[in-house]
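The structures come next, written out as structure tokens.
Below, chain A partners chain B and then partners chain C, in two separate complexes.
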Partner chain A sequence: MVALEAVLTATIQQVILVYTSLAVSITLGIPLAVVALNSHKLEKIIITFANLVQAIPTFAVVAIVVPLMGIGFWPAIFAIMLRALLPIVKNTWIGLSSVDPASIDAATGLGLTRWQTTRFIRFPHAYPPMFAGIKFAAILANSVAILTAIIGSGGLGTLVFEGLAGINITTMLAGALPAIFIAIFLDVSFTRLEYRLTAGR
Partner chain B sequence: MTSIHPFETIDRIELSHLTKTYGDVTAVSDVSLDVIGGELLVLIGGSGSGKTTTLRMVNRLIEPDSGIVRINGTDIREFDEVRLRRNIGYVIQQIGLFSHMNVGDNIGLIPKIEGWGKEQIDARVHELLEMVDLPPEIFSARYPRELSGGQQQRVGLARALVMNPSLFLMDEPFGALDPILRKQLQEEFLTIKYDIGRTIIFVTHDIDEAFKLGDRICIMHEGELVQIGTPEELIFHPETDQVAHLVDANRKYRHIETFTVHDLMSPLSKREFYEANMPVSEAMAKILSDETGIAVVMEGNNLRGTTSRQNIVRNRKKNLLLGDITTEPITVTPEDALVPVLQKMKTKNASSALVINREGEVTGMLIPDSVLFHII
Partner chain C sequence: MAAILIFLCVAAGCSETAGSTDIAGPEDTSTIVIGGKPFNEQYILAEMLGLLLEEQGYKTEIKSGMNDITLYEGIKKDQIDVYVEYTGTAYSQLLKLPPLETWDPNVVYTDVVSGLSEDGITVLCRLGFRDDYTIAVRQDWADENSVRTIEDLVPYAGDMVFGSDLVFHEREDGLPRIEEVYGIAFKDVKSMSPTLVYEAIANEQVDAIPPYTTDSRVDLYDLQTLEDPKAALPPYETMIVMRDEIAEIEKITATLLVLEDRIDTETMRSLNAEFDIDKRDARAIARDYLVSEGLISG
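Now for the complex of A and B:
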């Protein structure tokens, strides 16, 4: 038997891990996409780096963090962020840069500054792919946050690994089931948010 | 320099020796021309002749490799470019409506950025949509993809008008339209043009549109300016075969609607003036050798009237003076449109009309036969 309290604690830790890493990823990812948009040089570096990190197996990402930052909550956040960043940066960048050139031309011709064009023309246009990226990143973060239990992040991974080690199906499910529910919740809530922000188009 | 309003009205725009190349392609080559405040100047030429490039150098969307654009004498590089553009209404060739914004927001974006209040913006959007014949209650909330091509172009026009600029740059604003809608929009535009009375540079490659809308027309070919002038100057004095071909100079009658009396009047020589106190018998000898066969009869410096060869011959035996057999002529001014004048002559059954300028001098005569020979 698993104590309900232990499941609850692990779930709360899991949720904190997911939302914190997601918040960090969004805060970093969107500005990175804007930077990429405005400089061809940085665009190459950022997109190459993001693709590179994506190519490293998740397990290796988690492992690499340990010699750099040790173990615990923040190293785990960093590892999750490395994973969650790419879909956010890439989707935002695609959304921002795929605006009809004629719209950008018209905006410039009407006297919008570069920043105003980004703010009023590019961003609203980028919302759908951006939200798709964030939603994907959130689900990714949830699964990576299971793995980071092995570097002491806490969360539902603790129960999953404990269950695996002791071949205890109940303990394993006590970790896995809430993780599945969190994934579904993330999907549904972000879909709703996306719909509300882009409704009518 | 970042003055708030670079200019309130346009006196003159000078494009001076503008050149722009892209690699091997010379898009615009040493183009110089002046745009006079209040006129509609048409840039016309084939595809790739440099019209768009020339236009975009006026609002600094393109910086020339060499040459200067001055507005009211000021080099436009001295203006803040954003300020400059907000003072210039620009309709781009591809329309470029913002797809994620409804019509009202498309038009109201710049006012919003300029910090106008919501009610003020709504009122302005309303006014402009009425102006371009799109009922605001139907169209304000629509998205660009819910509009036809012609409706989109009208929204583009309204958007360019929103800050009430004194200068417009319009790049084939009716380009994507079928002929019927195009004609309709041209008519609407003509009324808007007179309403707003602003300086407009208008790009097209439709010569009929150019003649219909333009005060002056500038013909471009492969980046160079070939000829600039009023429609009549281009039709009656084309400088190259190419211009003659473009304006269809052999079929001038096609453009009869654009002609004024001035373009087609026959100049008068001294011979055709007669004194009122000349005896008819004496006048007959003179008029028989005359080409036009119409006598302009003067009493000193004042016009007494006209009379015809026929009339003189008929009265040759009566002991009359020329002044006794004149009739009051139809008089017109050089600026009058040709067609209404001809119609008036037709209803009055007149074989000629006298052209009298602002100073009150008789400067010429309008003779339908001679008009006909000039335009075919």
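Now for the complex of A and C:
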């Protein structure tokens, strides 16, 4: 049997890992998408870089971080962020840049500034793809946070790996089931947030 | 937009404060961070170190499931305080020293102690048991052909498939060394996750595997471990390693030194059996052992 306390601790660690890395990814990702929108040069660099980072296998991302940052919480956050950033940047950028040019022209005609156009025309239009990206990033973050147990991040991965080591189904499930619930919760909560933001329109 | 930003700030704020108390505690000297690798005895021994230190009032945190290199990086960067390492692993994998002509455990140990000290790592003591690689074949087949040593295996190897874990067949102190010393050549080598080799040999998908000597599954799966008369395989004596700053704290070293030479291979093997076969929790196994030895109060 796995002690309930151990499962709770691991679950709390998992939630903290996922939300911290997601918060960092969103605060970096959305501004990066806006920057990409406003400069063709930077757009190329940002999108290419995001694609390249995404092409590195997850396991390698986790391992590469160790010689640079060592082990533990922040290296894990960094590794998860590298994984979660692309869907956020790319989807937000796609949403922002695929607005009907006629709407932009109309907004400009009404005298809206570039910032106002982005804020009031482009962003509302970009919410669906942006939230799809964030939700995908959240699920990714949750699964990568399992893997980062191998670099000492704590979280539910510690239980999953311990279960694997002894082929102990109970321990494995004690790690896997809470992870599934967290994934469902992430999806539902971001769907609600999206609904709130768009319902006001 | 404003709503998102507020949400983010709150989320980030909460998680950072919570993170510093729950996870990122290595700066706090009252919490001892114990490392561990992802297999049976490593989970049990990490819990043992933890229980002993907790008995003395220390807070502990166990970072389990890590590998040789991440633990080594972690302890060098002061992110891990103490863990259980093996002389053979430290010798070839961490310090990358050249294989010895004949493996003398004491020479390996001395080289490891001096090598690790250059990295700011203190070897506290040896635990008493060795967890060597060995070669095992199916018991009935071994009896039939009266194979007891690796040397006996040589005439049969040409028809045998070797089922390796993920590293043994590539490590220069592993299978290549055996092939060189005994002039043995297997028909084929398949590598897989270490827990799977037992199923593979039981199902006759492979014919020889490299189990660890403390692994009870050798008995569970009716395997015969083969002797290594030419001492081709390096010794893996178990030892407690800690970073120098921790080794200076006498209360900690005294607490952990009770394990010196206390656990023999048979004992470790039976504790591992509780983990692998009885599926008991590592912490419970560790606690029961320490209580039965009178090292902690139940």
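Here, the second predicted complex is superposed on the first by the 199 of 201 C-alpha atoms of A that agree within 3 Å, B and C clash if a C-alpha of one lies under 4 Å from a C-alpha of the other, contacts with A are read in each partner's own complex, and residues count from 1 in each chain.
Going forward, contacts are C-beta pairs under 8 Å (C-beta built on N, C-alpha and C of every residue); 3 or more make two chains touch, one makes a residue touch a chain.
Source: prediction; values computed, not measured.
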Clash-or-fit label for the pair chain B, chain C on chain A: fit
Which partner, chain B or chain C, touches more chain A residues: C
Chain A-centred angle between chain C and chain B, computed on Cα centres after superposition, in steps of 10 °: 170
Touched partner set for A:106, first chain B, second chain C, both or neither: first
Contacts of A:170 with chain B and chain C, given as first, second, both or neither: second
Touching partner for A:49 - first (chain B), second (chain C), both, neither: neither
Contacts of A:125 with chain B and chain C, given as first, second, both or neither: first
Where chain B and chain C come nearest after superposition, their Cα distance in Å: 15
Sites on chain A touched by chain C in the complex: 1-3, 6, 9, 12-13, 16-17, 19-20, 22-24, 26-27, 63, 66-67, 70-74, 119, 123, 149-154, 157-158, 161-162, 164-168, 170-171, 193, 196-197
In the complex with chain A, residue positions of chain B that touch it: 59, 61, 82-88, 90, 92, 94-101, 109-110, 113, 143, 156, 159-160
Chain B contact footprint on chain A (complex, rising order): 100, 102-103, 105-113, 116, 120-121, 124-125, 201
Chain A-facing residues of chain C, complex: 1, 3-4, 7-8, 11-12, 14-16, 18-19, 22-24, 26, 35, 38-40, 43, 61, 63-67, 69-70, 73-74, 77, 79-80, 195, 275-276, 279, 281-284
